[in-house]
Structures are given as C-alpha cells and as structure tokens.
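In what follows, structures are represented as structure tokens.
Look for subunit A in each of the two complexes below; its partner is subunit B in the first and subunit C in the second.
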Partner chain A sequence: MKSLFSLKTEHKYGYIFILPVAAVLGILIIYPLLYGFYISFFQTNLINRWNFVELENYINIFSGNSEFVNSIFVSIKFTSVVVLSHLVLGLLLAVILNKKNLPFKELFRSILMIPWFFPEVVVALLWRWIFNSMYGVFNYLLMNLNIIEDKITWLSSMRGAFFVVVFTAVWKGYPLILVMILAGLQSIPEELYEVAKIDGANSFQTFFYITLPNLRSVLLVSLILDTVWWFKNFPIVWLMTRGGPVNATNVVSIDIYQTAFQSFNFGKASASAVIVFFICLGIAMIYKSMITEEEM
Partner chain B sequence: MKLRSNVKIVLFTLVFVLFSIMSVQAVTLEVMDSVIVESPEREALLQIIENFEEENPDITIDYQGVPMNDAYAQIPTLATSGALPDVYLATLDFIGTFEDMGIATDLRDVFSQEYLDGFNQNSLSELTVDGKVLAHPFFVIPMGVLYRIDWFEEKGLTPPETWEEFLDIANELTEDTNGDGSVDRWGFAMLASRDGSGGSRFIQIFRTFGGYELRLNDEGEYVTDVNTPQGRNAFEFFTELNTEHEVVPPGPMEVSYGEALNLMATNKTAMMVTGPHSIGGIIERNPELDGKIGAFPLPMAQDGGKHISVLNTYGHAINPDSDKKEEAAKFLKFLVNDESALLWNEMTGRMPTRTGLLQSPEVQDRPDLAGFVEAMDYAEPLPTVSYYSTIMTDILPSAYQSIIVGQATVEEAAERAEERIISLIEEN
Partner chain C sequence: MLKKMKINNILSLIILIFASFMVLFPVAWMLSTSLKTMQEMFVTPPRWIPQEITFRAFARIWTDYPFVRFFYNSILIVSTTTIVSLFFSSLAGYGASRFNFKGKSSFLVFLLVTQMFPSVMLLIPFYRVLNILGLINTHLGLIIVYMAFTTPLCSWMMYGYFESIPKELDDAASIDGCSKFRTYWQIVLPLSLPGLAATGIYAFIMSWNEYLFALVLTTDDSMKTVPVGIGSLVGQYRTAWNDLMAVSLVASIPMLIAFFFLSKKLIGGLTGGAVKQ
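Let's turn to the complex of A and B:
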C-alpha cells in the first residue's frame, strides 16, 4: 500500500479532504457496529456485568418459541406489503404527473410530497388518533356515511393493527419513490415514444416495452433502498401499537428494543441486531447482483 | 502612607467579596422525574421546588421530565454513558434492576436509621433490595377503583366487595344514555395496553383471585401461579369484561393511562382501576367532576379471593457517582416534609409516605381518598427482582391481549405465560 507521502499531490489532498468525513463515519457507524458485535458475545447490562457466553445469545434467539424469529416473519410481511405498495403507488402517480397536458402539475406535485415532510413521530401520532376506536375521525366518517354500524377497533385487532401500520407506512414513504421514478421517467428520451407511436404501439405496449425497461435501474434502486429502510423501521410501529396487539406488529426493531430496554438483555439484543445487519447486507448483495455496471 | 492603606482596604474588600461569592455559589442538583410531565403534578412540584430554593439559596434544582413509560429505557442508557443525573425516579418494578446495575446508593449511608424508621415500612420495603434501601420514598398511590359517585347514587348502587358484584354494577352502568341506539357509556375503563400502565393494574386484579404472578415458595424459590385455576380465572374474568360482557369501551388495547383518564373525564366510563393520583388528572381535564369521584378497594373473587392493593411507592434514587449526595439528601427530605407532602397531596391526591402524615386528618378525612386509605390495609409488596419488569410490561400483557383478540384460549395463554416466567426465573 502506498504511503501518504508517495501519493501524487492531488491524491494526497483528496484523502486529506475526506478524512474528517471518514472519521465521523467511523465514530458514528463503524465503531457502534463493531461494539454491538462485541457485546453480542456477552451476557451484560453494560455497566457491571460482563459474562462471556460465546455464541449462547445467537443460539437463544433461534431456540424455542422464538420471539425474534416471529418478528423476522412479521418484518418480512410488513416490508413486502409496504414496499410493493410504494412501488405501485409511486409508479402510478409518477406516470400521471409526467403527462405533459396535466393541469396544475406543480400544485399536485407539492401536495403529493407533503407526507414526506412530516417527521415519522408526527405521522404515527396523527394516524393513531385518526384510527382511534373511540374518538377517531375515520370511524366517525364511516358511521356517518352508514358504511359501518359499530365502531371498528382498528388498533385492537391483529389484522386491523397490521393494516393501519402498513397504511401509515405507505402514506409516509410513497413520496420518495414517486420522486425517484418521476426523475427516471423524465430521463427517458422522447424519441423512443415517438418511434413507438409511429410503429402503432398502444399505451399498454408503450408502458411495458419502453417505460418499464428504461426505469429498471431506478426501480431496482428504489426497491432496495425502500426495503432496507422499512425492514428496520421503528418509530411508526412503536408509537402506534408497540408491536401489539399480541405480536401482530412486532417487527424486528421492536423486538430488539424490548430485549434491550425492557429486559435489559443487551447481549441478546446485540446478537439480534447483528442478524438483522446480515439480512440487510444480503439484500444489498442481491441488488448488486441484479444491476449491471453500466446501469450503476 | 495614606495611599498604601487605601490600597490595602480595596484589596481586602475585593478578597472578601470574592470569598463571599464563592461560598454562596449555587450547587446545581440534577433531578430526573416522571411526575413533572403530568398536570397538576407539575404545578405542585414547581411550587415545592420554589420553596426549597428559597430556603436553600445555595442549591439550584435542575428538573428533567421523562414520561413514566419511557423512563426505564432512558435511565440505563444514561447509566452506560455515565450521564445519570444526581437524583432520579425509582419505583418498585425496577428497583431490582437498579440493584443489578449498581446504580443506586444505599441510603442507609446517607440518612439516619431514625429518619428511615419514620416512613411507612411497607412503602420503604418496596424500595429495599436485600436489606439495602435503594430509593427515598416520595409518595404512594395505593391501587383501588375510582368510580363516579353521582352515577352510583342515580342507580342506587354501592361499592362492590366481589368481582361478581362489580360486573353487575358495570352492566348496570353500560347503556345508551342519549337514545340513539348505540351504547355511549360503559361501566369500566379497562387498561389492556402492552406497557407498565396496563400490566401493573392487571397484576393487582390477578392477585385478588388468590394467585401470584411471582412469589417465593416455602423453599425460598420463585414460582408463578399464572397457570393455576386461580390464575386462569383471573385471565378469564378480566378478558371477558370485553369479549363477553362488553362493559368496556371498544379498543381496550389502545387504552393506556392517559386514554383511560380521558374516558373517565369525558363521561364515557364509570370505573377505573387506578390510584389516588388519577383524581387530579381527571378533574384537571374536567373540573365539573370535582366532588363526583370516589374510590373503593379492589374487589375480590368470590371463591378463594382476597382484597389486595399495592402501595406503588414512587421514590428517588441517588446516583452513587454523584458528588452532591448531601444536597440530594436535603432536597429529598424537603420533598416529604409536612408542608411539601400536604401540598402535594392536596393538589395531586398522591399520598404521603411519612407515617405521621399518613395518619393526619388532611389525608384520612378526605372523602375522595377514603377508599384508597382503606386499600392500604390490604397492601402487599411486589417482588424486587431484576426481571420483574419483563413480567409486568411484556409477559402478562401479551397473555391477556392474546385472549382478547382470540389468538389463544385462556389455557393456552396461561401456559405460554407460565413457560416464559419459568424461563426467566431459571435464567436469573
């Protein structure tokens, strides 16, 4: 490895300029990652008890009626529905917003971006009250429209709670996908559509043979970023249901939080977090294998 | 000569002034508490702090608020980073964890035995682990049932002794009051949330059926009664209040402490399992209810049950690494002196912990506290083990929630809860 002194001047200064950012990344990301990995081999309360237990924490999280394994399945279910909904909704809205003759296009774009600007905490609390069984405005509207006779206990039933957190996550997250796809649509050469029109292609053919293939790299990037983001999401589910009722919405981030901060079993929580890290790493590697160098 | 003596005078004066400033320089005591985020507790506490700082100008109190349900995630986090405040809240469900982590001073080294003997000893024992007094009691909130005196009088009802009588009353008070065909008032505000607010209340209802979620057997080992007939009866009765009798508003699993107070304050429910601290919160939300709230001890199961209460002592621990233990002790003593404790009780309903004050007419003769005063006669301690919080905030709430949503039968839920508790006992 070349020493810093033997590098060309412009290379040397490049490394010097990225050094502060690298240091911050190292302190804020690399160090906690390695420390968490280290803790996972101990039974510890991080203060006065450090018992080296080798792989016992990893074995425990997969043994018996494992809450962690159940939370992985819930997370997979939650993430799949949310990400798919984001892609479908984002794509649909982006195609509509990309139409040249759409009136008030800028106004619609601004309105559709609004959910993205709210902090997740605010979003969770807002929708939690909207869906509240007793006082929620959603039940009120449904009853006034005679769609339901009795109040629906959205957050007190397993399916209802899962639906509500998914809905909230979809509402919060679709603008990012919308923006990414819209940018991708606007980079597709207009000539391709003209040629398709000349050749007699209809709207569906144009969409499936021109639009989607040209959006492939954007869709893949959106898919991967969205999957990793929502797989480990915490605020929305915690504030709305705390993982309940029972374990209906007990995603993996909540299971880890409860293991750490309610049971004070930091070793086991760290082991769970390491597993989640490798799951997210696996997703990233799948992305890398699906996308070519040219597309990157 | 005259100039030199003038200089001496000026220098001497400067030194004197500097010395005076240094000797009265205020010490800042950091205190973390959860009651200051609630109302009217905040107003009462600020008044007490003001009084303390007037009497002790050399001590400034820096009060930090944290919601109760988040406090015990925050305290260990601060402890691991060495950023614990000088004084912080401590309750019986986490005192075992404090001992395990070594983050609470043994107050026998800070206060005299005579002073500690002046506390209600049940209250003190709730903050004591293996003989070590790990927190200074501030107030107690013995659990009972708050109820609407006016609605009871309307219907000619009297406070129940048994859960069967309680259910009859709840049925009687569940009705459509405005004739629109929908029930708009329910007998009971059930806290079935998956947190300490729901779990702690369920534990006390559970015990009134004759079983214990965790207890020491004759061999000195911890055992659980969750999967005994008494335990299963408790689960069945509690969950059927919603699933069968429907004396509970829809969505009980969304109801934690704040939501239940709202239900009482908005005239939606007639009864609520809670402590005297809720009276102030309800009246704060709806001043028209002043004088209309009463209390009675938790009913008991007809067969083999007993009245139960828990004092739910709330106290303050002193950080072992704090260099202001003397100031902390001064402040904690001030919190529970006669004037402060009676002001606190008058404004919030939370009851004093000093024996003399508990017997005072100001506490004993308050009609809204009468039921809680009676409940104190049935007080029993909760176990102070490090894993108790998991039982209270996770295992038991998961069990009753699984029954309510129909995911498990009573037997299945009780068996699963028993497995998890036994696993915890064995791990520790």
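Let's turn to the complex of A and C:
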C-alpha cells in the first residue's frame, strides 16, 4: 500500500517539474504545427479571406512547372553536398586531432571551431564580400596562385552561385560534426586499438574495422541533425543569392518564405511547409531505422 | 616505423595548417575590411593591410545606423530567453532525471524529435498567432518564439547533466527533511553550474543568431534584432562593406567570448547525450 502511494507522489513530482517545458512544447510547438496543417487547406491572406479549398494548395504546388518541386530538388542537391562534405571534413580532421603526440593540437582544435561561433548572417555576408567578382579577395587569391586568369563572376552565374552557397555552408557547419565525431572517437576504448595493433592491422584496416563501426551511432545522430538543419536553412542562401540567379539556389525555405511573405499566398506556403515536414520526418526515419537495425 | 610515423604526422600537420588557413583568412579579411576607408575598400588589387588604417567604421555603426537600438533589442530578447529557458529546462531535466512517471520516455524522445521539425513550418502559424495577440513588433513576441526553439534541446542537455550527479545526494537531503523543490534549488542546482553554463550558452547562441523569424515577426525598424539589422545593410548597389564588417565583428563578440571561455564545456554538454560512455 505504501509503495503504491509513494509511486504516485513520484509521478506527481515528475509532472510538476516537467510542466513548464511540457506547456512550451504543447503551446509553442504542437499547436502551431497543427495550425499550420490547418492553414494549408485554405486560400487565405490570414486576415479576412479564408476560403476552404480542400487539397487545392497541395495540387497546385505539384502541378505544372512547379517552383516548389524545383526548390525541393535544389534543397536536396544542396543538403546532400553540404552534409557529405561536413562528414568527410569532420572525419578527416577529427581523426587527425585525435592523434597523440601531435604538436599544437589544442590550438588547431580551437581554430577549427571558430566558424561555428560566427553568426550565420555574418558568415553569409562575409563570404559574399570575399566572392565579390570585382573587389573580392577570392578571385585575387586564385589569380595570384595562377589557378584562374580572369575574374570569375561567382554569384551571378548559376553554377558559381550554387558553388558559393555550398562552400559557405560547408565552412560554417563542419565544426559541429567535427566535435561530435571527436567526442565519439574519445569514447572508443584504447584496448581495441591495442588488440588491432597486436594482430598487425594497418591504419586503414584499423580505421575501417574499428573506428568507423564504433562511431556508427555518433555519425548517425550527427547526420540526422545536420541534414535536417541544412535542409531547412534560410539565412545563408537568402543573404547571398536571394535564391537566384534563375532559381539556381532557390532552396525550399526561400520558396516558402517568398510564397508567404512576398506573394501573401499563405495557404500554398503552408502546404509546402507540410510537405517539407514530411520530408524531414522521412529523412529522420530512414536514419533511425539504420540505427535500430544494429543497436537493438 | 618511426620514420613512417613522422611522415604521417607531417601530413596531418599540413592538413591542419591548410584548414586553419581556410578558417582564418576570411576572419582576417573581415578585420582588414573593417579598418579601411571607403576608397581603399574598392582598390584593385585588394590590400590585406590597409594603407590608411581607420577605426571610423566602428564609430559610424553607432552614429549613422540604428545599431544601438538593434543591440538593445537583441540583448534584451536573448538574455530573457536564455534565463527563462534555463529555468524551465533545468526543472524539466531534473524532473525527468529524478522521478519516474508515465510517459517519461516519450517526453524525452519528443524533446529530440522537435529538432527535426522544419522551423519554416512554425513560421506562418506564429505570424498569425502573434498578429492576433498583438505581439508582432514586440520583444515578448520574439522571446516566446525563441523559447520554443531553445527549451527542447536545453531540457535534454540539462537532463544529461543531472544524470551525472549522484542521486544519493537527493536521498540524503530528503532524509534531512528537505522538500523536493528545495533539494532541486539549493542542493542539486548549485552543483550543476557547469551544465547550466553550457546549456545557457547554447540557448544564447541559438537566439542571438536567429534570422528568419526575427525578419518576419518584426516589421518596424525600431524592433529589429542585430542579425536582421546586419542583413539589411547589404544593398543592391554599393554596399558599405567596411561598416558591415565592423558591425559583424561586434555582433560576433558575445559568441567569441563564449567560445574562449567555455568551448570545452559546451562541447561536452552538447555531445553528452549523443555519445555512449
């Protein structure tokens, strides 16, 4: 009898302590999500015009020469290149920084973390200035190294602009992956490496048979966060290219922003956001299934 | 064997030096630009060290642009968000770490799942709701929005930190007749300062950098935040890059301070939940 009573009070205290956060989650996340879902069935300016149009918004965003579908493809291209680069860079640098007897290790680690601490707005505008075709220092650097002869108009060509936004996103985002992997590396027991050494494994074998498998869960968690983060990213692309030239960098968050706040087509924008929600959910579930397959 | 290790190390160092160069040269360029005059900024070939070094840009951002106001807005919004978010999330983290209750594991999972929601999905609903409540162009409006962004992961981080503090401490306090809330407030919380600091910095960084929601939810110039203010400086014609870089540097200072003092702890806090020990 007594244990039942104490169990109940324990429940009660748990609920009291999580109440504020639970309220935040409910009121500020779940309710707006559902509300966004609701708006997506209307043609509305959010003020006085609310026409229920059933699935028309969803049909519209997919029909004809759809900018939304195009922006999904741009986002997928952008995100996959960015995340893959983060992963390769993060792994390479983390493995190096995890070495013993490397001089100035702490200093390098600190320097390599710097991009993470600059606001995205600042990063976007800084690189926009560096890639400026007339006065930018990047063209000048490449010309000094004899890599190019003439100035490249980075941001006004379709391929150039795409390269620039990807480059900037890679620069800004790799440190997070780097620290996650570094933390993961440090949690791998030393004995495993010693055993491998005794068995005569070379460094490639050690990397592929010990390091990578042990990093699996860390890598997947970082991948999920990074993919979703860059799939929905807005400031970097918006401040560098506004989605142009000719939609070359028109990622999905820019498409939604413009549909809602420049064309005031809130219903259509909400429908797009709902689709993005399911895409992100899909991405997370794919990764999640990869985790559970092995761990459970 | 020794020679092989040396070559390996040299190669590693070359990679690290190149990577550090790629990180530092933009920062150096930002500093260099901010110290230039308008004329020298548009000189070709560009100069790394300006002939005429001037700190005028750092004065102009306060006099010629409304950045005093923008910084005031940002500091007010971000510090309130951080404090409230820390308080709420430490409560939730403590509750989830110390008590068993129905739905606890789904609560914890949901905290992480929120990180996967695309924030654009919240943009239009927030715009509508804040409009109805008359909170567009207010500090409170943005504070509420940033609470939604920061509390889930902060709660998760605090949960991870509390898990590392022995529960025997709570039992001892409870035997001494300490109430649950007092145990949390006077015994466990003071021991959690490093965790609180890391979590607070995370909340601070998140909200200090936020751009899209501040852009949409403030239409009045006097209510803009620093990122939105900086973003509005880049025009279609001639941009005053020296002023822009000066204010960018100033806006990055809080982040860089956080970085130099607490980067290790922050990283530990962020990765604590993700890494199996």
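FYI, the second predicted complex is superposed on the first by the 282 of 296 C-alpha atoms of A that agree within 3 Å, B and C clash if a C-alpha of one lies under 4 Å from a C-alpha of the other, contacts with A are read in each partner's own complex, and residues count from 1 in each chain.
The rule is short, and it goes like this: a contact is a pair of C-beta atoms (placed from the backbone, for glycine too) under 8 Å apart; a residue touches a chain by one contact, two chains touch by 3 or more.
All of these numbers come straight from a predicted model, not from anything done at the bench.
In the superposed model, A:G244 lies in contact with subunit B only, and not with subunit C. When subunit A is checked against subunit B and against subunit C, the one touching more of its residues turns out to be C. In the superposed pair of complexes, A:G200 makes contact with neither subunit B nor subunit C. Of the two partner chains placed by superposition, only subunit C is touched by A:V276; subunit B is not. In the superposed model, A:F261 makes contact with both subunit B and subunit C.
In the superposed model, A:L46 lies in contact with both subunit B and subunit C.
After overlaying the two complexes on the shared chain, residue contacts for A:M158 are found with subunit B alone; subunit C is out of touch.
The intersection of subunit A residues touching subunit B with those touching subunit C, taken from the two complexes, comprises 46, 134-135, 257, 261. Residues of subunit C touching subunit A in their complex: 8-9, 12-13, 15-16, 19-20, 22-24, 26-27, 29-30, 33, 41-46, 87-89, 91-92, 94-96, 98-102, 104, 107, 110-111, 113-129, 131, 144-145, 147-148, 151-152, 155, 180, 184, 205, 208-209, 211-212, 216, 226-227, 230-231, 233-234, 239, 241, 244-245, 248, 251-252, 255-256, 258-259, 263, 267-268, 270-271, 274-277. Residues 72-73, 76-77, 79-80, 97, 100-103, 182, 193-195, 249-254, 262-263, 268, 386-387, 389-390, 393-394, 397-398, 401-402, 404-405, 407, 416, 419, 423 of subunit B are the ones touching subunit A in the complex. Touching subunit B in their complex are the following residues of subunit A: 45-49, 64-65, 132-135, 150-151, 153-158, 242-248, 257-258, 261-264. On subunit A, the positions that touch subunit C within their shared complex are 7, 10-11, 13-22, 24-25, 28-29, 31-33, 35-36, 39, 46, 89, 92-93, 96-97, 99, 101-104, 108, 110-115, 117-122, 125-130, 134-137, 140, 171, 179-180, 183-184, 187, 203, 217-218, 221-222, 224-225, 228, 231-232, 234-235, 239, 252-253, 256-257, 260-261, 266, 269-270, 273-274, 276-277, 280-281, 283-284.
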